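What follows are several structures.
Note that chain A is present in both complexes that follow, paired respectively with chain B and with chain C.
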Partner chain A sequence: MKLKKTEEIFFKFLMYISVSFITASLFLIVFSIFYKGLPSLSWEMVSETPKGGFYFGKEGGILNAIIGSLYLSIGATILAMLFGIPIALFMNVYLRKYNRFVNGIRFFLDLLWGIPSIVYGAFGFTIMVMLGIKTSLLAGIITVSIFILPIMVRALDEVLKTVPVGLFEASLSLGSTRSETAFRVFLRQTIPGLATAILLSFGRAIGDAASVLFTTGYTDHIPTSIMQPTATLPLAIFFQLGSPIEEVRSRAYSSALILTIIILLISVISRIVSAKYNKHRIKF
Partner chain B sequence: MRFLSRKIRDKSSLFWMVISLVILLLMPILLAVGLYLKSLPILQEQSFWDLLTESDWKPMQGKFGFLPFITSSLWVTFLSIIIATPVCILTAIYLTQYAKKRVLAIMQPIIDILAGLPSVIYGVWGVLIVVPFISKTVAPFFGLQTSGYTILAGAIVLSIMVIPFILNILIEVFRTIPEELTEASLSVGATKWETIKYVLLKKAFPGIISATGLGVARAFGETIAVLMVVGNVVKVPTSVFDSGYPLPALIANNYGEMLSIPMYDSALMLAALILFGIVLLFNFLSRMAIIRSEKNQ
Partner chain C sequence: MKSKIDIKNLNLFIGKQQILKNVNVQIPENKITIILGPSGCGKTTLLKSLNRLTDLYEDVKVSGEIIIDNEDILHSNQDVTAIRKKMGLLAQRPYPLPMSIFKNVAYGIRISDSENKKTIPQRVEYHLKQVNLWDEVKDRLHSPASRLSIGQQQRLCLARGLAVDPEIILADEPTSALDPISSQAIEQKFIELKEQYTVVMVTHILRQARRIADYVIFMYLGEVVECGTAEEFFSNPKEERTKAYLKGAFN
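Moving on, here comes the complex of A and B:
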C-alpha cells in the first residue's frame, strides 16, 4: 500500500516538473528576448528605414521590414479570406447533409495544415522562375495565403460547426436563400470566431520566414507597388543575427522584440474577442 | 425584380464557393505534381536509392548524396520528440486529471502563446541561451568541446516548439475518454493513480501515438529555428554534439543561388519532395489512427 502511494507521489512530482518546465520555457524565451532587445530598441529603430552603412552598425531602423511584414500579412490574410470564408460556409451550410464528404474535406485540411512552409516557399519560387516573375510582394502574398488558407478554413469551420441546426432551418423557413443564410445568419452569428480565425492566420503569416525567403526578396525601401520586393521582420531578424558586427546583432534582438510584441498583442486581442464570443450568441 | 437579383446573388455566391473549394482541393495535388516534375531530371540520372544512401554532397561535381541531411533530420526530430513526449503526457495528465479548473485556465494561454511564437524567435532564443548553455555547461560536463551549434541544440529548441502542438492534442485525447470508465475503476476500489495507469493511459494509448506522430511531422518540417542553431555542416552526424544539416535547412540555405549549377535545383526540389512525402505520410497515419480510435469509443 505504501509503495503505491510513493509511486503516485513520485509521478505527481514529475508532473509538477513538466508543468513548470513548460511555463518556465515560455518565460525564459520572452524574458531573454526582452532582456537582450530592450537596450537597443529606440524610436529610430521603428521609424526609419536603413541608411547607408546600416549593416555596419550605422544609423537607420527597420521600418522597411515592419511595413513590409504588415503589407504582406494583411494582403495574404485578405486573399485567404476571399477563398477561406466561402469554403467554410459552403462546408457548413450547403454540405450540411453530406457528412462524410465534409469530414473528408476536414481530414484533407488537417493534412494540408501539416505541410512545412519551406515546401510552399520552394514551390512558389519554382513557379515564379517558370513564369519569369521576380521576387515581389505579390509573389509573397500569394505563397503565404496558400500556406495560411487551411489554417483559416479549419479555424472557421470549428466555430461554424457549433451553429445550431434550428437557426439554419429557421432562416430557410423565413424565405431566405441559402447564400443569405450563409452570409447574413451564419457568418454574423460567428463574427467573433471569424475574428479569431483571422487573427490566428495573421499571426502565422507575419511570423513565418521560410515561405517568404525566396518569394518576397529583401530591400531597404518601403515598397510602393505590389510588384516590388519587400523586407519582412523574420528575415530582418535572421539576416542581422548572422552579422559579425555587435551593433547589428543587437539590432536583431530588438527586431525580435518588436515581432514578439506584435505576436503577444495578437494573442491578447484574440483572447479578448473570444471571451466576448460566449456572451453574444443565440443559444437554443 | 428583387426576387431575380436575389436569385442571381444566390447562384453567383454558390459558384464562388465551389470554385474556392476546387482550388483548395487541387492545390496539394498541383504541389506534388510540380515537385515531382522538377525532381525528375535528377531521378532519371541517378537512382532514388543511391541518392538517399550516398553521403557525398558536391553539387559542382554533380554528386548529390542526401544521407547527411536525412540522418541529421532524423536525429534532430527523434531527439526532440523523445524530450517533448514525456513532458506532454505528464502535463496533459496533470491538467486533465488533477489540476483545478483555474490552473488549466492559466496554462491554456501559456500553451497558446508558445504555439504562436514565430520560429525565428525560437531561433534567436536558441542562439542566445541554448547554444552557449551547450558549449559552456553541457559539453564540458562530458569532457567535450563544441561551439554549441549542434544536433542537441536543434533538438532542444525543436522540442519546446512541438510541446504546445502535441500537448493540445493530448489534452483533447484525455478529455474525450468517457468519465464513466474512470469512475467505474474508482468505484471498485482502485486509487486515482491506478485508474490513470491502468484505465486512462490504456484507453488513451492510440491517441498518444497519434499525437506523437503529428509531432514528428511538425518537427521534421521546421526550418528556420533549427537552421539557426544546428551548425549546418555537411556530414553524417555520429553524436548529439556533432553539427548537423537537416533537409529543410538545405533547401533554405541554397535555394536562391542554385540556378547556375546543373541538376542543383532538381536535387533541391527532390529534397522538398522527400520532405513533403514524409510529413504527409506521418500526418496521414496519425490522423487515421485518431479517427479509428474515436470510432471505437
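Moving on, here comes the complex of A and C:
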C-alpha cells in the first residue's frame, strides 16, 4: 500500500517536472521573440516593402514577405484541403471495413510526415526543372501543399476516427449513401477537430523555410501573379538573421514576432468559427 | 398470419467464428416480433443483417436468403440504400445526427425525396407528433439535437426513422439506455405503431418481451431455439432451453 503511494507521488512528480519544463521552454521562446523583436517592430516594418539598403539597416519593411507568406500558405492549405479532406473521408467512410489496408495507408502517411521538408523542397525543384517552371508562387504552393498533405490527412483522419460506428449506421439506415454520410454527417460532427487539423497544417506551411528555399525564390516585390517569385517570412528571418549588422538581426526577431502573431490570429479566428458548429456535435 | 420477412438458411461468419447458425424464421406483418436471448447469442447481428449493416464489417460472410416483399435482399440488384430506406433503425442508444432537431427529422426526407421541399415542415411536425415529441420541442426546433435528454433523443431517432416512410422498424434494445418512463413511452409507441408497421425488436429483458410481444424468436448461441406466438411461447414452451431461460437459468 505504501509502495503504491510512493509510486503515485513519484509519477506525479515526473509529470509536474515535464509539464513545467515544456511550459518554461515555450515561454522562453515567446519571451525572447518579444524581447528581441519588439524594439525594431514598427508600422514601417509591416506596411512597406524593402527599400534600397534595407539589408544594411536602412528603411523599408517586410510587407513583401508577409503577403508572400500568406499567399503561399493559404494557397497551399486550400490546395491540400481539396485533396486531404476527400482522402481522409475516403479512409474513414468507404474503407472503414478494410481496417488493415487503412492502417497501411496510415503507416505510409506517418512516414511521409517524418520526411524533412528540405526533401520536399528538392522534390518540388526537380519537378519544376522537368516541367520548366521557374521559381514562383505556384511552384511554392504546389511543393508546400505536397509537404503538408500527409500532415493534414493524418490529423483529419485522427479526428474522423472518433465518429462512432453507431452514427455511421444511423445515417446509412436512413437511406443515405456513403458520400451523403461523409459530407453531411461526418464533416459536421467533426468540424471543430477539422478546423484544428487544418490549422495545424497551415502553421506548418507558413512556418517552413526549407520547402520554399528552392521553389519560390525571393524578391523584394509583392507578387502580382502566381507565376512570379515571392518572399516568405521564414526566409526573410533566415536572411536577416545571417546579417553581420545588429539592426538587421533585430529585424529578424521582429519578423519572427509578426509570424507568431499571424499564427495566433488565425488560430483564434478558427476557434471562434468552429465554436459556432461545436454546439451541434453529439457528445458520446 | 402474413409474413413480412422470410429468413431462410441464414448463416453468418465473422472470420472463422460462426455467429448465426442456419437461421430459419418468418417475421409476421404488422406485429411486434421480439428477438429474445442472452447476451452474445447473435440477436443484434440477426437484426443488422436485415438491413445489411453487416456490410460495414470486415471479414463478415453471409449466406442464405432474407426475403422481404418477394425479394431476396442479400442477393438483390436493388440499391442497398433503397433496401435500408424500407427499415427504420433504433439503436441501443440514440445517435442523433449532428444538426438541429428539425434537420434531424428532415434529413431523411431531403435525401430521399427532394421534390416536395414545401411539405417538409409539415412532415417534420407530423412525425414529431407521431412520437409525442412535438410539444416538448416545438419552440426550439432549430436548437441542436445534442441538447435533448437521452429519452427525447431516442424518440427523435424514432421520428427520424419514421420520416423516411419505412415499412419495418428495427429496434436493437432501444430502451437499454433509457429511464423507466422513457422506456415505457417507447414501448407504448411500438404498440401503436404496429398497426402500420412491422416491428422487430431485440431485447434481453424478459419482462419487456412479455409486455409487448406478439411473436417471439428465442435465440441461443447463434441458433434459433424456438419461435412462435407470444402466448404459446410464454405459457407453453417446448424446448428445454427455452424453459430454462424463462426460469432465469442464464442471462
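A few notes on this one:
Here is the rule we go by: the second predicted complex is superposed on the first by the 241 of 284 C-alpha atoms of A that agree within 3 Å, B and C clash if a C-alpha of one lies under 4 Å from a C-alpha of the other, contacts with A are read in each partner's own complex, and residues count from 1 in each chain.
Note that in this section contacts are C-beta pairs under 8 Å (C-beta built on N, C-alpha and C of every residue); 3 or more make two chains touch, one makes a residue touch a chain.
Here the structure is a predicted model, which means the values were calculated and not measured.
Looking at the shared chain after the overlay, A:146 reaches chain B, while chain C stays out of its contact range.
For chain A, the partner that touches more of its residues is B, with chain B and chain C as the two candidates. By the touch criterion stated above, A:96 is placed in contact with chain C alone, chain B being left untouched. In the superposition on chain A, A:43 makes contact with neither chain B nor chain C. In the superposition on chain A, contact of A:234 is made with chain B only, not with chain C.
When both complexes are overlaid on chain A, the residue A:165 reaches chain C alone and has no touch with chain B. Of the two partner chains placed by superposition, chain B and chain C are both touched by A:177.
On chain A, the surface patch touched by chain B in one complex and by chain C in the other comprises residues 177, 180.
Chain A makes touch with chain C in their complex at residues 96-100, 164-177, 180, 184-185, 188-189, 279-283. The touching residues of chain A, counted against chain B in their complex, run 4, 7-8, 11-12, 14-19, 21-23, 25-26, 28-29, 32-33, 36, 82-84, 86-87, 89-91, 94, 105, 107-112, 114-123, 125-127, 129, 146, 149-150, 153, 177-180, 182-183, 200, 203, 206-210, 213-214, 234, 237-238, 241, 252-253, 256, 259-260, 263-264, 266-267, 271.
Chain C meets chain A in the complex at residues 48, 51, 53, 55-58, 81-82, 84-85, 87-89, 91-93, 95-100, 107-108, 111-112, 144-147, 157, 160-161, 164, 170.
Against chain A, the residues of chain B that register as touching in their complex are 6-7, 9-10, 13-14, 16-18, 20-21, 23-25, 27-28, 31, 34-35, 38, 86-88, 90-91, 93-95, 98, 107, 109-114, 116-125, 127-129, 160, 163-164, 167, 191-194, 214, 217-218, 220-224, 228, 248, 251-252, 255-256, 259, 265, 268-269, 272, 275-276, 279-280, 282-284, 287, 291.
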